[in-house]
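What follows is a pair of complexes built around chain A, which joins chain B in one and chain C in the other.
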Partner chain A sequence: MSVDTDPFALFDLPRRHAAAREAIEQRYLELSRAAHPDNVVGEGTAARRAAVERASAINAAYRTLRDPALRAEALVKLGGIDLDSTDAERGAPHPTQAFLLEMIDLRERLEDGGPAGVAAVRDDVEARSDAALDAAVAALDAGEVRRAAEQLVARRYFQRFLDETDSSAP
Partner chain B sequence: MTSVSIHDTGALFQIAEPTDSRRAPRRPGRGIGIDLGTTNSLVALAPHGAAPRVLRDSAGSGLVPSVVAYTADPPLVGRAAQALQAEHPSQVLSSVKRLMGRGLADINFAHPYHLSEETPGLLRICVGSPPGSQVGSLPGSQDAPGLSASSRRVTPTEVSAAILRELKLRAEAELGEPCDGAVITVPAYFDDAQRQATRDAGRIAGLQVYRLLAEPTAAALAYGLDRGGEGLFAVYDLGGGTFDVSILRLHKGVFQVLATGGDSALGGDDFDRALAAHLLQKAGSSEPSPNQLDAARLAARAAKERLTEETATRVALPGLPELEVTRAEFDALIEPLAQRTLRACRQALKDAGLRAPELDGVVLVGGSTRVPKVRELVAETFKRPPLADIDPDEVVAWGAAIQADILSGSAREGVTLLDVVPLSLGLETMGGIVEKIIPRNATIPIAARQVFTNYAEHQTGMVIHAVQGERELARDCRSLARFDLKGIPRLPPSMARVEVTFQLDADALLTVSARELMTGVRQSVEVKPTYGLSEEEVDRLVMDSLDHAGDDYARRNAAEARVELGRVVLALRTAVTEVGHLRDLLPDDERVRLEAALAAADAAMADPDAVAEPLNRARTALEKISEPFARRRMERALNAGMAGKSLHDIERALADEEALQEKRAGHSPELLEPEEP
Partner chain C sequence: MAYSNKVIEHYEHPRNVGSLDKGDATVGTGIVGAPACGDVMKLQIKVENGVITDAKFKTYGCGSAIASSSLVTEWVKGMSVDQAMQIKNSQIAEELSLPPVKIHCSVLAEDAIKAAIRDFQQKQGGAPAGEDEPQH
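Showing the complex of A and B:
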């Protein structure tokens, strides 16, 4: 996997979830200073395009590395499972029947609950989302990429649920 | 895998590389910083690491009113234009920044202009007939210009270009040489169309636009470098027509924007309007005329400014009884507007993952932050007294000048600006739902890649609709452009794979490129911007302005040639009158040829439209023919009592002769060369 798509390699960091925030910030500033497109203003098209692409890769990696959930998803991808793909082998694992029933149940609670109920359901889902991320990180640390992927898929469902709840709130 | 609305369009791939300007060598110290404001604009210089300095007019003002009067050609800009505003309300344009990158349907505020949109998404302002024709100058013809077939329509981009050109000239007069390039500031909250329009305006004005710099980031740069600041800062920027808030981290020369927010149609102008409406209502004027509205707005602005120092003031509106307005009344009027800015502040803090007490300072920028109520509310929201010790009108231009100096290649202490895109970038998917591909507040430059596939074998093209905004539905977001991908290979459904890269550059401007994954061939895409000028139209306007620049150049050359020729003719006529009767100085045949050449020179000058070339030719001929005559006169002057004089005396005599020649507007200094006998 190239440096372009491996944020850990680009930032010279070990490929594991635990990451020192300070080290990420420090490295980001160093890389940005060296690669900023401002450095090549007035140069040829090729140099400017290369700088924009390099800086874009650094910014994208930074965004991934500083966010615990995106960092976990990147590690899963490096482990061979792309959560953005529907491929049966290397794509996102399908959620289990039990999980889908759990989501349906949550939606029903949301519709029946009234304003107070909405807040309670929201808190519940937020807690489940956090728990899914914790479980994914634990799985990654244990080297179980598929189990981590399953937890991250579940987390995406929970997050979507939260986004929808928030955007439909008055 | 993304499922995006895909329409069959057929035909071949079209390749349109992103806008490019050819490599230009930089000239250190010749970068200029421009704050292109809604109400006023400024230009500043900070050459070779110097402290930034706003360029001022003879009255000491650095503010150039962002007003352009199309009552003359070329148009008038600034104070001269402003003076004509009351007389020609539809031909004198102000606050066009509010129209940049906008369509007719977006203009939901009052304005005195005749707007049209013949091309979808391209707003034009009718500025009446060209100067000199009858229609525009008739008294009371306010409505006529919009109907006249010969009337001129300008885009907001061209109006901004006129302002930029004026600022460029001001800077070049100061530099004494052409400027190299410019950093132009834009509200942080400007979307892609508004930024693109600003960049286009720069190109049309003949500027190499190094960078579009967010106004609050520019202010932070000025403050940070001035104070050696480190830590977390909020910049609250309320200008004439726009509002921005940015949260930044300053650390070892890196200015990192963590989050930004704002409203690109909210500013001090709205305070004026609210107060004007209130004043008219209070004075009992229920249906004011456009002229009354204008007068009320001007009176409101002046009253607003007085209320910064005073707690009550008197206002006189034309034809209405004088009345009093208090600061408390004004505060109540603007409070809802100010609250809108505070909501954006709280959101920006949230997006940055910070709470107000964690900040190390709050900086006020923009003339509208002089309003006491605004200061009070900002202090309350950020829980600290704000900083405003650098002139809030000038601080943005300072920052732009510093960045322009850096980008011109000056050896200045390294500064890195990491800015963000203010609005999420998304694609319209099935059912008009937006799929976000780059979230707001992502550090730029940044790219997103999406793989698109075909839904049927016969499908060979697709249209991708890019939008900007936070809403769920594409129709509620800002439409940026439609990208037409063509020439997809005929393959079974879902087998064709085109990877499309959406690249936001360091100006937060979008370019799109595509790669067919089976062949790996890089393709680009036909872009149909929803708003603003097309690439070709900008190129045409740039060429037009270059043509005009060429015209100006030619006119100046012709004028200079005319002056030169006039001097030669005058000098020769004087000499002929004084010594022309002496045959040994001017033989008859030579005199005839000289008279003929003088007559030819007169003829060349008789044409008032003569370009430089025939005038210069006449002068060259005249100089050639008169050369022996001039030499003989010189020899005579030298021989007349030069014998026995020291070299020093001769040199002085020669210098005297030279001075005499100059006094007579003479010529032929080459005859003073020592080789001549």
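Showing the complex of A and C:
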């Protein structure tokens, strides 16, 4: 993975989840200032385009690094598992049948329950989503990329559920 | 993203949404998920004398995933189990004019019908489908 696609390398930070928020903000300001397209006003098209691309890469890396879940997903990707891929080897690991069944049961509980039920289910799923991220970070710290990936996949399912229930709320 | 008219038609008027009795020996249930996006799909078939007489689905996912599973439930009704086993995701994608980024939705529907058939065959004490001779 090149500096362009490795946000940790671009920001010159160690590949650890526990990145200090201040360090990320500090590096973002430094890099943005150095790469600002205004610096190359008057230079050629190629230089201006390169500056814009670099600024855009810095912004993308910053968005990834500042979000704990995206930061964890980036570390898993650097570890060889791309959660956005459906490849059997290098893609997102498939959840168990029991987990998928539960995701359907959760929806069915929502359809059957009233507004109070929806709130209770949502609280429960939010807590489990947070717990999945915590477990993923613990797995990353222990160097267990696959286990981290499994937890992040579970988190994606929980988040998907929360997005759905959010948009269908009255 | 622009959805094709057929996707929109199935999305707005999905066919065969619902559930069959999972405990029924003539019902096969397939549950599959797309881990990259969190989509989950349940597809069930009822089989009588080797013919699929009913099919239901519940899909929690994007419009293409809903349309793919809706289409498959329409197709398989009246098919033999062996015919249904031959359904390919490329046929689904073609029928719905799915763009390349949505092909995985049709793969999900193919996986779901195959999983449902396997579940039915296991309930009947048969071998998993696809590896053995067709059973009649």
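As a convention for this text, the second predicted complex is superposed on the first by the 169 of 170 C-alpha atoms of A that agree within 3 Å, B and C clash if a C-alpha of one lies under 4 Å from a C-alpha of the other, contacts with A are read in each partner's own complex, and residues count from 1 in each chain.
FYI, contacts are C-beta pairs under 8 Å (C-beta built on N, C-alpha and C of every residue); 3 or more make two chains touch, one makes a residue touch a chain.
Note that the coordinates shown come from a computational prediction; the quantities given were computed from them, not determined experimentally.
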Which partner does A:101 reach: the first (chain B), the second (chain C), both, or neither?
second
Using the superposition on chain A described above, determine whether A:55 touches chain B (first), chain C (second), both, or neither.
first
Is A:157 touching anything from chain B or chain C once the two structures are fitted on A? First, second, both or neither.
second
By the touch definition at the top of the document, which applies to A:43: first (chain B), second (chain C), both, or neither?
first
Just chain B (first), just chain C (second), both, or neither: which does A:85 touch?
both
Which chain A residues contact chain B in one complex and chain C in the other?
84-86
Which residues, counting only chain C, touch chain A once they are in their complex?
31-40, 42, 58, 60, 104, 107
Listed in rising order, the residues of chain B that touch chain A in the complex are 1, 20, 23-26, 181, 208, 210-211, 251-254, 256, 406-407, 409, 414, 416-418, 442-447, 472, 503, 505-506
So in the complex, the part of chain A that touches chain B is made up of which residues?
29, 32-33, 36-38, 41-45, 52-53, 55-56, 59-60, 62-63, 84-86, 167
List the residues on chain A that touch chain C in their complex, please.
83-86, 91-95, 97, 99-101, 103-104, 107-108, 153, 156-157, 159-161, 164
